[in-house]
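Same chain, two partners: chain A is paired with chain B first, then with chain C.
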Partner chain A sequence: MQSVLSKGVGVILRTASKHPHFFAPAATTTNSFILWETGFASHGASKQPLSSSPLRFYSAKAGLATAKDEPEKSVFISQSADIHTNLALEDWLYKNFNFENHQVLLLWRNDPCVVIGRHQNPWAEVDVNLAEESKLTIARRNSGGGCVYHDRGNLNCTFFTPRAGYDRKKNLEIICRALDRQFGLQAEVSPREDVTLHGYKQISGTAAKLGKNAYHHCTVLVDADLKKLSALLNPNTDGLESKATKSVKAPVKNLKAANDEVTVENALASIGYEYLRTYSDGNDGGEELIQKQRGFQMVNPTNEWFPGLDKIRSEFKSWDWNYGKTPEFSFQRSYPVGLGRDGNIAANISFRLNVVKGLIQLATLELPSEKQSLLDPNTFADLSAFINAIKDRPFHMGILATFEGLLFKRNNPVSLNVTHQRIRESLLNA
Partner chain B sequence: MASLGRTFRLLRLLPAELQTSHVKPALNLRAPISSRSFSTEELPDGTFKASDLEVTLTPPHKLQAKPDVGNLIFGRTFTDHMFTVEWDKKTQWGNPQIKPMGNLPIHPAAKVLHYAIELFEGMKAYRGVDGRIRLFRPDLNMKRLLRGARRAMLPTFDPNEFIGCIKKIVKLEQEWIPHSETSSLYIRPTFIGTDPSLGVALSNNAMLYVILCPVGPYFATGFKPVSLYADPQYVRAWPGGCGDQKLGSNYGPTVFVQKTAEARGQQQVLWLYGEDHQLTEVGTMNIFFVVKNDNGERELITPPLNGLILPGVTRFSVLDLCREWKELKITERTITMKEVKQLVKENRLLEMFGAGTACIVCPVSSITYLGEKIEIPTAEQENPVYMKVLNTLSDIYYGKLNHPWGVLVD
Partner chain C sequence: MGWMSRALITLAKSHQAKYNVISGISQSSRHGFSTTSFNAARMFTDKHEWVDLNGKVGTVGISNYAQDSLGDIVYAQLPDVGSDFNIQDECGALESVKAASELYCPVSGKVVEKNPEVENTPGLINQSCYDKGWLFRIELSKPEEMEQLMDEAAYEKFLKSQADDG
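Here is the complex of A and B:
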């Protein structure tokens, strides 16, 4: 049943729903609808003109005192698009705010970057070379979980509550209700607590942190560059062995593809209003409840507005945090060297690294001892020197490239043959 | 019957020539207002109620980005919402509203535009070290506003309800106050006569509104004392006038005088009155003097509330604190330029400072008067009174000192 008064306006008030667990029981919803109609009649003089934007201004009577156990809510919108600044802002609020009577939803967007979970291995999750070439930041966040791609077409939502009020499912249901109410999109919360649309994962990456306070954050793919996403999040992990958290990959889709009217701005507004109109027990409070809240606020994350923010930001930006916190892993590649009389590969040289806290703890070169002669002595010397030089240095994929460069130097006839051999093999296999 | 008696008693408080039935009786503002409720007889123009507030939240796409704290120039940046409530003679007070900040629709004949039927207030909300927001002695601003309303013939209202509305809008706008200890939210309640008819007469329509400005630290570049310019030809207030009310019409004409002071290389105007050149106020602040008096004791002197002086909230607070500390003799009396010059000559004028909401206290370094520059050693004192006042008031504002003057908004 559509509201007659919403004609010409994008907001559709539904009193019935195909997904009963997203909406309050029909009775409550009907009541709030009637209240709204009454409000319209008695406040005719003060009614706001229906604006042309899809979200209408709500105007109704407000009570000063909310029920004692119902916290007041704010929606904060970050003015920064820098991932490190926003991560620092999130951390600042988590550490410094008291959310007992005042709960906050922080909405933020970032310039293109990749965000890995607290216990992840960037090299296992991201094509680091591609990220560096595209001048994309790789940032480690403070909460666990998997890896996500951010750009301006992606909306981040962080729900702050005291520890006792932490409830991921309720938060995701708010998002689903907002998408339905505003855009008619039937999103669902999956058993794994992801939000899916038609079986595709819309909200990529939901993660949380619990302490005295709690936050639950998630992303909403509205209009992100999905090509870049798949290019960056599918690295070559041959030879990489790690116990770090591995992302669970799932197919993703932009909301805009399902409904062309969705933009990040109106998704932001719709999720914000839905958050404000939802009671802490998950029920819909309607426009009545919105009037009792503190509304939307822009937030400027600088050190002067939030003393101590710069310190947190520099930690999030440091190499020690982003790469140094990588759990221990090993990296190994083998290369064929030499040709036997019968044209087969004579032996394999193995390059193996052990990386702890992002630094190369151990670097080894392995070659069967009797086959050492297969390697040009200059090459062997170069490789040995290289192995020694990289110990205790930060790990990066360029090390592999350098190793390969030294091994396959042009003036090494053996290596040249090997290269031809490889090409021949690859042509045969094609 | 009792209420009738009270009305008659209130009428007796009026000067004889005003004891006519069609002039509104004065609200009894002697006692603290927060501890009591106002009866309907005391509110002949009715009142609005904070519980009737209609809130229209500014939608996200209309929010203003917050500037850097360093760019928060006083009075230039406003918050996202404003409070308004209207009154007309027939239907009395309408419903109070909080709505997105925007222009006011006003008829060109509105009395405020022609005859300056306007009052305003100035107060601040501070974010304490506990993260909570506090107002400072809002009941004093309410009293002053209501007294001024009577003078401007604007309607009365229940001050506690207005404080309730101010608390609500400050709560909505609290993220406009940085989380550091040097900034605040300046609150500007404004009361205007909007009757759309020409004629110097009582305004049958009024609007009370509140706008808010985030302000950074007043002394951004450190605490620098100011130089004053005193010219007896310019008079800010006079007996029988309304210099003791916060009417806009008192301030408009002072801009010209401020410019003449600046043209002479001085920073603020020292307002003098009378043949004996009494010192009354500095710029828009009250003044205080710390002197070593004839008996060798340290004395705090400030001009009395004789009709020429605006009863400042900071002024009351300085007097209340100094009385509590019992370190100085406190005297409210007039002081003349002749006396000041004599005290300076005898090295007995220790400090001179202004007191106001904007800067809390403002030390004075010199007065330029009739071609002479008089140096005042305010900044040279050890443990000056003005620093002690500043530190104590700051501690109260920012919640470091738990004090009834700091009123929480939630």
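Here is the complex of A and C:
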């Protein structure tokens, strides 16, 4: 078995040899997860795919007796890397699962995307133009908190409990202990309940959702593209005013930069094991406790396994959710019109949008009436037509560009040739 | 800009006020109420919401215990006026320290008003959960549901039993 596995998963191998039940030989690939479906306590190391028994984990009886009142634990590993699918899976478990006697840690990762908090404004948090140009999804999640960047170098951990069992600090301590045990990294839980390395560099961001059940989820930066992260999460927000939850910016670091042995795969395994060996009061139960748990389970987030998942997924994918749920905001920018003889600006024209549920509720143009002569009458007519046309339309950054184009076309006819056609195009793209 | 800076000033003021309030709550009364907030008509749910019925319309908010356990509330997502809810439906959310907590509708009915002050300054909920920090008003479609709710004394007893269990 050892010869089959490459050194790329060496750390898992070491653990694997201690817990042979968790693994089946990964004969063909060394990159993908070698954790196989289990339910090992009662079923042994079966390689049979779970699809033959959808939702078995959900109704299965405990395989081994556990300490009284101590819930059993499972680690679910999502086999999807699609943000909407994973958010839907998380939401499905939150809404449908009973975590009283069976607690779950869901581990998942995504293709590159930006994820904003439930009450955030995407335009205030993300360079939406850059995201669109790079065909990168912006997804709104259901929990509170700030904006994060995901890619395959980032691991997401969702700790599900009943509402009464919700304890973010305990969960983050599991992550810290795992990083220490496996990689000798001294991470700590910050006062804001994030995980930091070397005192200040954040390697993890936390958020939570509380209802009848609760979940706490966090990112773990292992080998994410930090350049992309910082380019995307620093938009120009001049003129944007909003009551939406604002992200707290923090310097970040990849675990791999602190210890180059860390990979998403072995970070996933070590956090999973640490979760299984930890009692719900936070104490270490060691190997013995791991043997009593249900173990690791690959989870395939499909409608067959999770009836209704497709519907939740399409809601997470919709414009109404991602942009329509943006808290009311306004956008206002001023532009100079006309230069006096001394070269000073003669007046400012101000353009203001009030956006409710992602739609432009009110668009206004302001120029002191005595200065209206500074504006070419055709330009004025164009701008008036424009602000009438955009009412009740979805807000997007292109509207500002179009406005600027209309305003400056006659001042600079060579570089800008803006017509009503362009207004129409801009609206069609909305 | 004007309204925002005004809002910020209000927020700063409310924070000041809030810390005074907090420092006034002793540990022993953490789960209790000051006598000045006593209101015979105010009824509570086991999800820590309160309803104060006036005719057919009930004013809804969250309890002192709830605001204290949530911590600083930074965003209030309130139900839209005109929307209908059944008892215990999810009808909004309060966000505090990175957690979005669901709000449950304590009684069935139609939302007739929401509190814009709380939307502008969510800290009001921490500062004045029974007065300025009310969330919305609802016209009850099943007034008999009020009978299922707890009065203040019963709610206090409920909190105590929860604390003993925990």
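Methods note: the second predicted complex is superposed on the first by the 341 of 430 C-alpha atoms of A that agree within 3 Å, B and C clash if a C-alpha of one lies under 4 Å from a C-alpha of the other, contacts with A are read in each partner's own complex, and residues count from 1 in each chain.
The rule is simple: a contact is a pair of C-beta atoms (placed from the backbone, for glycine too) under 8 Å apart; a residue touches a chain by one contact, two chains touch by 3 or more.
Because the structure is predicted, anything quoted here is derived from the model rather than measured.
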Legend entry - Touching partner for A:A269 - first (chain B), second (chain C), both, neither: first
Inset, instruction - Kindly classify A:Y335 by the partners it touches after superposition: chain B alone (first), chain C alone (second), both, or neither? - result: neither
Legend entry - First (chain B), second (chain C), both or neither touched by A:Q79: first
Legend entry - Partner chain(s) touched by A:P327 [first = chain B, second = chain C, both, neither]: second
Inset, instruction - Considering only the touch criterion stated at the top, classify A:Y200 as touching first (chain B), second (chain C), both, or neither. - result: neither
Inset, instruction - Identify the partner contact of A:G145: answer first if only chain B is touched, second if only chain C is, both if each is, neither if none is. - result: second
Legend entry - Which superposed partner A:P307 touches (first chain B, second chain C, both, neither): first
Inset, instruction - Check whether chain B or chain C contacts more residues of chain A in the superposed model. - result: B
Inset, instruction - Could you say whether A:Y279 touches chain B, chain C, both of them, or neither, answering first, second, both or neither? - result: neither
Inset, instruction - For chain A, give the residues common to its interface with chain B and its interface with chain C. - result: none
Inset, instruction - Over in the complex, which chain A residues touch chain B? Could you list them? - result: 43, 46, 48, 53, 55, 57-64, 72, 74-77, 79, 96-98, 101, 265, 268-269, 272, 276, 290-300, 302, 304-307
Inset, instruction - Give every residue of chain C touching chain A within the complex, in rising order. - result: 1, 4, 7, 74-75, 77, 90, 93, 95-102, 119-120, 166
Legend entry - chain A residues within the chain C interface of the complex: 117-119, 142-146, 164, 192-193, 206-212, 241, 243-245, 327, 332
Legend entry - Parts of chain B lying in touch with chain A, wherever the complex brings them together: 50-61, 63-70, 80-81, 95, 97-98, 131, 164, 168, 171-176, 178-180, 410
